[in-house]
Amino acid sequence: MPVKTEEMILNMGPQHPSTHGVLRLELLLEGEIIKGVKPHIGYLHRCFEKHAEAMTYPQVIPYVDRLDYLSSMYNEFGYVTAVEKLLGIEVPQRVEYIRVIMGELQRIASHLVAIGTYGADLGAFTPFLFAFRDREKILSLFEITCGARLLYNYIWIGGLSHDLHPDFVRLAREFIPYFRPKIKEMNDLLSYNKIFVERTANVGILPPETAINFGVSGPNLRGSGLKWDLRRNDPYSVYDKFDFNIPVGEGRMGTVGDCWDRYFVRILEMEESLKIIEQALDQLPEGDVTSAIPKRVKPPIGQVYARVENPRGELGYFIISDGSVNPFRVKVRAPSFISLSVMDELCRGHMIADVIAILGSIDIVLGEIDR
Amino acid sequence: MGLLDKQFTDDNIIITKVEDVLNWARLSSLWQMGFGLACCAIEMMATSASHYDFDRFGVIPRPSPRQSDVIIISGTVTLKMAIRIKRLYEQMPDPKYVISMGSCSNCGGPYWEHGYHVLKGVDRVIPVDVYVPGCPPRPEALLEGLLKLQEKIRNESLVKKTA
Amino acid sequence: MIYDFLLKLTGSEIAAGFIQSLLPLFVFILPFALIAVLLERKVSAHMQDRLGPMRVGYHGIFQTVADILKLMQKEDIVTDNSDKALFNIAPVLVFTGSYAAFAAIPFSGAFIGSNIDLGLFFIVAVSGLVVAGILMAGWASNNKYTLLGAMRSAAQVISYEIPTILVIITIVMITGTLNLYTLSELQTGHFWNWMIFGGPSTGLIKVAFIPFMIIGFVIIYISTLAEVNRTPFDIPEAESELVSGYHTEYSGMKFAMFFLAEYANMFAVSAIVAAVFFGGYQSPFGYLGNSLGISWFIPIEQFFWFTFKGIFFVLVQMWLRWTLPRLRVDQLMALCWKYLIPIAFVNLLIVGLITVL
Amino acid sequence: MKTTEEIFNLLKEKFGESIIEFKTGVPVEDFIVVNPFEIDKVCTFLRDTDSYQFNNLMNLSGVDDANGKKITGEQGEVKLEGRTFSLFYHLESMSLKQKVTLAVRMPGENPEVSSVSEIWRSADWHEREAFDMFGIKFLNHPDLRRILMPYDWEAGYPLRKDYKNPEFYQGMKVPY
């Protein structure tokens, strides 16, 4: 007698310990095997684009902070890059260097959360707390700079809200030798752990062609073995003055483009960010950081698409100006939004436990997906 | 709670002592629902992590609403999410408490005017015990909010209605 | 023996047996579970650069008391679509299962709940009851997560019982007894008489046994970890996948029963490992009571050594839990069926050959 | 590497009437306006031809041009006549390092455009978002549902400039 079986639909989220916020995944299951994944998003749709139309250009910056709340500095960086391109203004060198330092510190902080929560998703809770302990150090650096821990409103159009604190350079220099051994510690604790490798290697393989077709960018694209980094391939700010490598996935533990590769690219990138910070601190010029801030931001009629390499990938701002003080339209090309759309492609044929591994490895932030 | 208000018209010593013990148990083991919404959730995670350590107060995250005592609404509540939050709250067993963390869940925060999809204050769907202001509140502020909640529980009574 | 003492005290066999069987519950399991929960939180906190509970009592020693008192006050939710009878029985069954296992565990030379000849067999059988409870809980909750958790748990516990039993058979083959009390008595003297060091046998055979005993110990420790659903095998209640597995829908005291049963189970399996391989309640160095000539002191010493060994293995379980990620279901099964069982079989054969020789 | 103007001229030769105009002189970015029903063919050509290789759709964004004329009807209802919606496609060739911006314009009453989600899978969600926010219909889109707003949202398309927020949604008061 044939046994009657049917597929089961399992809802994961919006409240679920491992969805990194309020994401709902509709899993079509056959036993524990995934037949399809349908992400439902919008549970954190905070109407950013509507707000941007109602605010003046500088007023948008606090809202930009709240898009990808794990890398606020970089969101501001991207936004002001776009507006400055539209205005056609040059900013002082010191401002650019400070922006790069802040951006790279933010990249480390963001990757730490990504790595920590990834470990926690896979059941290893201790690396999560270790990552947060080290992230706390970076946050205290931000705090002496601008007074905020998470959402900074620090990078302004044409300049910065404050100059660096007199102690900042010393503290940042102290941070680098403190943090280097911690990366090794994380590798010993998590990256090369046999169980961790078993869980992540050969899981959720993303071939480079698929990745490009889906528009995936950032560490996820580099995890697929493609050397593509906007800091190198489409340089902005002063990134062309630094010497750093672009780590790519090599398939050391399994196939190129699996979860372990995506994870490990982030570990390697933290190392590279440290290098950039070191060089930027050495070359940091003197000067005024507020001199180029325009009194009134009123760009001419026109449009611009500017992009930067956010910790999660290509963060693009498409701004249309109608010549008034408010932007006519701001569209954010959010890297996580694109990364999440690959879920279905990655998960099919894997098991429930792998959905968690894959979701953690593409490192999404819901604030940015839903905007 | 007012469960026994027909039997005892006034506080007597036994009831008060029992009350103290029960309140003490409730306030020292507030299990938090592991549930984050937006930016504030990151600060909430930081509060649970090494530096600030929520566990000192007996707060541990529980994944299931059935086993949690306090839900921290940490972030912007959208209309789409509000329905789910209400359901989560209803799934929690009594006695249950709500901490509204951050401006967004207090009143809509920066999204109060043009946020066509933002609920202006989570208190429009569920009752809130403690509001923690800030955007986002620092971990210290959340700890203070927790202490305020403990204060509130300490003064609860079996006999008299408190809420 | 405590039983004789109780018999004299009460004058009735039934009353004496009843009190004796309750003793481990009140004297040992409940206090132990309370301490273990706190210990877990403290151990994890200190591993993670935190402090853990600090506010209730000195360094939070009353934390678990507060937790249990609070859980008692919580509303008991039974969902509308659940199978109410099974839903209510399940936590009791799980708790009973893990508690019953303590009956045959010798806490000291003078106290064993029930000195039955099939002790080891009894423990293995009774812990099978826990699976039934978990399956009932998962099914009755009428929730997909609990069902998945319960199915995983059943598959896992039943699979891992096989290597456990194979290792136990190996021991039984050497000692010729299933009685844990006799087994412990066999390993008396000093620590080189423990089973892990070849047991009471002598000469070349003893040396030949040692490597196989160590293999057996590793296998049984891994499989007992899986049987009590601890990391890296905590798949049935994997927080990040299945919310909290089979007890997702339980609140209040029913949840507390699962919770306590889990910690009681942890000690039960540690106690078995200690009793089978590490001399049970036997002291590694000989007794203070013997050298001082105070005979009533010996059982107390034995009790100390037994708890010490048990808690040591519980601590190792915690250490593993807060260090390792968890495996996936298929990897878990592969580990059991492809590695542990064949190795345990070969181990059994070789030990058998050595015994025959 | 080709400039937008060169690409425009080459496309004009190939597709003729479908390529409507070349907008230049706008600060920062030039773009090519394409017929909304031919955009998929143009995009397929741009992706698959060796001299273009636009393999990456960086961004796709809907825009409400807010241009129409306000007309008050007989019952006092306000209608916008002659309004248009636009879509902007930012393409990039990762191998040849060139970029181009395409645009389509659609009438406000019934904005329809051919979907490019078969060409670049990343367009799938972008198009759903444009549908959700502006009500632009994408022909041949595999799964055109709302993406950010609730599925039962009835109050229209929020990023349109004339959008009015409802008082209540499922019993919850929406305005402050």
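Labels for the chains are A, B, C and D, by order of writing; each one numbers its residues from 1.
The rule is simple: a contact is a pair of C-beta atoms (placed from the backbone, for glycine too) under 8 Å apart; a residue touches a chain by one contact, two chains touch by 3 or more.
Keep in mind the model is a prediction, meaning the values are calculated, not measured.
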Of all other chains, the one whose Cα centre sits farthest from chain C: D
Geometric centre distance via CA averages, chain C-chain B, whole Å: 37
Centre distance in Å when chain B and chain D are each reduced to the mean of their C-alpha atoms: 44
Intercentroid distance (Cα basis), chain D paired with chain A, Å: 26
Residue list for chain D, restricted to those that touch at least two other chains: 148-150, 158
Contacts with 2+ other chains: residues of chain C: 48-50, 239, 243
Set of chain A residues in contact with two or more other chains: 16-17, 42, 45, 47, 50, 129-130, 133, 370
Touching pairs - complete list by chain label: A-B, A-C, A-D, B-C, B-D
Chain C residues touching chain A - in the complex, by the definition given at the top: 44, 47-50, 144-145, 148, 231-232, 234-235, 238-243, 322-331
Residues on chain B engaged by chain A in the complex (per definition of touch): 33-39, 41-43, 45-46, 49-51, 63, 65, 75-76, 78, 80-81, 84, 88, 110-111, 113-118, 135-136, 138
Chain C-facing residues of chain B, complex: 21-22, 24-26, 28-29, 34, 49-50, 53, 55-58, 60, 62-64, 66-67, 69, 91, 93-95
Residues on chain C engaged by chain B in the complex (per definition of touch): 41, 45, 48-56, 60, 62-63, 65-70, 73-77, 239, 243-244, 247-252, 255
Residues of chain B touching chain D in the complex: 79-80, 82-83, 107-108, 112-113, 116-117, 119-120, 124-125
